[in-house]
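Handing you a structure now.
Chain lettering (A, B and C) follows the sequence in which the chains are written, and residue indices restart at 1 in each chain.
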Amino acid sequence: MTAVERIAAQSAETSFSRSGLLHFFEYQFVRLRTGWRGIVVTGVFTPVLFLLVMGLGLGELVDRDANELGTSYLNYIGPGLLATTAMQWGSQQALWPTMAEIRWEGGYKAALVTPLTVAELAAGHIGWISARFFMAGVLFSGVLAGFGIAQSWWFLLTPLAATLTCAAFAAPIAAFTSLQGNDHLFPLIMRFVVIPLLLFSGAFFPITNLPAVLEWIARLTPSWHGVELCRDLSSGDLALGSTALHILYPLAFVLVGYIGTKAGIKKTLGT
Amino acid sequence: MTTALSAVDLRKSFGDFEAVKGISFEVPTGQTFSILGPNGAGKSSTMKMVTTVSPVTSGSLTVLGMDPTTNGRAIRARLGVVPQEDILDSEMTVRENLVMYSRYFGISWADARTKADELLKFVQLADRAGDKVEPLSGGMKRRLTIARALVNDPSLVLLDEPTTGLDPQARHLLWDRLYQLKEQGVSLLLTTHYMDEAEQLADRLIIMDNGTISAEGSPTQLIAEHCSKEVVELRFDNRTSPELQSVAEQSGLRIENLPDRTLVYADDGDAALSHLAEQGVHPTGTLIRRATLEDVFLALTGRSLNE
Amino acid sequence: MTALSNDSSGRSSQSTAPFRMVERNALAWRHNWWVIASGAFEPLFYLLGLGFGMGALVGAIDVNGVEMPYKNFVAPGLMASAAMNGAVFDTTMNFWFKLKQERTFDAILNTPLTLTDIVVGELGWSVARGAIYALFFLIAMAALGLTTSWWVLLTLPAAILIAWMFGSLGIYFTTYMRTWTDFDFLPLILMPLFLASTTFFTLQTYPTWARPIVQATPLYQGAALLRNLSFGTPGWNDVGHVVYMVVLSALCTRAASKRLGPLLQS
């Protein structure tokens, strides 16, 4: 047995190559397991912790004087956290676990021997990542509501909106992963894409506080659109034009990512 | 003759379980000494005490003239250890494995590199020097482990089941390297549950069973003492032959019933076979062969080694 | 390290032997050095995001009666977590890999190196990694104009102490791990530590009942010390922080070595 198989045998959920292991801790903060434990941690533990420390604790400092946000800091970051959590889930799941399915464990090679098509496989993979996030998202929104963050009936749609953000990251990153021979670049994706986007997508502070160049880059990220969409749904402050943009723009990422994933799996698994 | 290793009433316990129950033996310098026995006989526990990794429970052990409890570091500096599992460093290449291992012995980088190249040639892995360890075959990994055990020019090399899991070709290549080491005057201590391995390599051996020594001597000596010259293997359609038992008793032949065959011990196999036929024993298959250590073990313990 | 230097077989640590472990890790990471290097950037993103982005939102913060820009406040706390993360990477999952999965340590114990050498060497490597992250962060702080006192130079040795504390905690924690999945608990410990360690706001923001709990956590101790040094306001309570960290580090190092003995030498 290779090291990969040995580890896979021990941990049915995820598999790591030797080099994957070297990088294992590089993404621990955003490592979200695929099982129920991961869903509960993501859906309950994460929001409770962040809302207490950042929403309430840091919020006390922000709300000290009339803030520029137009609402309490708790109300401000709640939906933002939901969207950035979705981004982290989608990105992480599209890296190591996807690599495991396509290469390390060979599950998808086996699946393609059945009547399943590459298109179905690609859609199913992205869909499954998103569906599991949706479950976490429902819990997450429940916690937000518990903190009194929901201000409109539109809030009920926030898990769906966040799931769109999740897919907007899962799909293009899965396309990238499907073309990689190993996971050497994965920590760099987490470190230089996901972490900066977590901080600079407007979840914690308005992107207008950023230098103009960075602000415009932020506007081009699906995560910013996700944050905005969740926030608008939460406050009920929806405008047709901007809401449509916040939906269609990430959707384009999902579509392009899906096509890329399809092509990538086809190329890698040779069907 | 000097001794590389001596054990007197050596014991090892793990809680209530006594794995080694007071064994005494000596390994003369320059000889190949083998500890033979089935799984769970206490071989590996003995080996781990000799490597100084596992503390001695009681009794005395002297390795290269030193006491493992106080001189572990100094002893290990002169030992070469081939553990049962290769445990190579998968984060490094084949050559780096040897270079780094040399560093653990305090050998300079330059010497370590020279030594690594020399040893890779010795174990026929020079062409894989830059490769990662993982893709190597079982036999190659084993050879690399042996090379690794030699980086410090050890006075005593310990090999724990060195050929377990290898195909015949890989085993013979390995044995050949071990012969060469022996010729260079290195003392070898090897455990095995393969009788042919012990017969091939060992000058002297002990047979261990259930934590104790059941016999000691050279392979030929042990066969002469505990066995006949030849062994006749008989197979029957219905597994056993009812008449064989009584016939053997009458003719004073020792027999051993195994699940799939019956062994008859005789100094002259042909004569025994025709004698049995005269007495009405008609096996469906017969094989006459030289007695081996396997038979010695069977005779001593009533069990086959690899069951 | 005297507490460690004699194990049951009386093998004492030779002065340079632990350094072999550092060499081993350097050799193993040689082809992936940029993974370690890139880790130094993560705390910087946090500094830029929180210090500058959040800072605009928060404005000034009152620290023991002194008003200071928010970015100056968060920087030392983030430096403490940089030291923590650097040390934890190699003493948890990566350590477990060598301990249980690949059993690298078993092979090394057949050489003149002792268990003590391995523990000291592995800790040294992890502390070095944490210290490098902290140093890199400190340089960035200086470049961004967030250093105001010469006392800030002492944050580096303090960060080394933080790295030792979390490195030894990491190894101790890891000796209890049975499988990969057990490590799922680690982020559940580190994340609250990071968030609750007064990196983002002062202790006074917490409700009174929660303050002693926060104060008892190791990262709080480290962050508080780094803040006082960074602001140029060291005091007697900093001696307390140092003692806390030295004692916890020594206890964990000792306990970890004790637990590793039976795991490796049976």
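What we mean here is this: contacts are C-beta pairs under 8 Å (C-beta built on N, C-alpha and C of every residue); 3 or more make two chains touch, one makes a residue touch a chain.
In this text, all values refer to a predicted model and were calculated from it rather than measured experimentally.
Chemist: Quick one: how many steps at least from subunit B to subunit C, stepping chain to touching chain?
Modeler: Shortest path length, in steps: 1.
Chemist: Report the chain whose CA-based centre is farthest from the CA-based centre of subunit A.
Modeler: B
Chemist: Counting only Cα atoms for the centres, state how far subunit B is from subunit C in Å.
Modeler: 47
Chemist: Can you compute the centre-to-centre distance for subunit A and subunit B, using the mean CA position of each chain? Integer Å is fine.
Modeler: Here subunit A and subunit B have centroids separated by 56 Å.
Chemist: Could you please state the distance in Å, as a whole number, between where the Cα atoms of subunit A are centred and where those of subunit C are centred?
Modeler: 28
Chemist: Quick check on subunit B: which residues sit in contact with 2+ other chains?
Modeler: If we look for residues of subunit B contacting two or more partner chains, we find 90-91.
Chemist: Of all the residues in subunit A, which ones touch at least 2 other chains?
Modeler: As it turns out, subunit A has residues touching two or more other chains at 3, 22.
Chemist: Can you list every residue of subunit C that touches 2 or more other chains, as numbers and ranges?
Modeler: Residue numbers touching two or more other chains: 28-29, 102.
Chemist: Can you list the residues on subunit C that touch subunit A in the complex?
Modeler: 28-29, 32, 34-35, 38-39, 41-42, 45-46, 48-50, 52-54, 56-59, 61, 70, 88-90, 92-94, 97, 101-102, 179-181, 184, 186-188, 190-192, 194-196, 200-201, 205-206
Chemist: Spell out the residues on subunit A that touch subunit C in their complex, using ranges where they run on.
Modeler: Within the complex, subunit A contacts subunit C at residues 3, 6-7, 10-11, 13-14, 16, 19, 21-26, 28-29, 31, 33, 37-38, 41, 45-46, 49-50, 53-54, 57-58, 60-62, 65, 67-69, 73, 184, 187-188, 191-192, 195-196, 199-200, 204-206, 209-210.
Chemist: Help me check something: in the complex, which residues belonging to subunit C touch subunit B?
Modeler: 8-11, 14, 16-17, 20, 23-24, 27-29, 102-104, 106-114, 264-266
Chemist: Could you list, by residue number, the parts of subunit B that touch subunit C in their complex?
Modeler: Subunit B reaches subunit C through residues 14, 51-55, 68-70, 72-74, 76-77, 79, 81, 83, 85, 87-92, 96, 99-101, 103-106, 148, 152.
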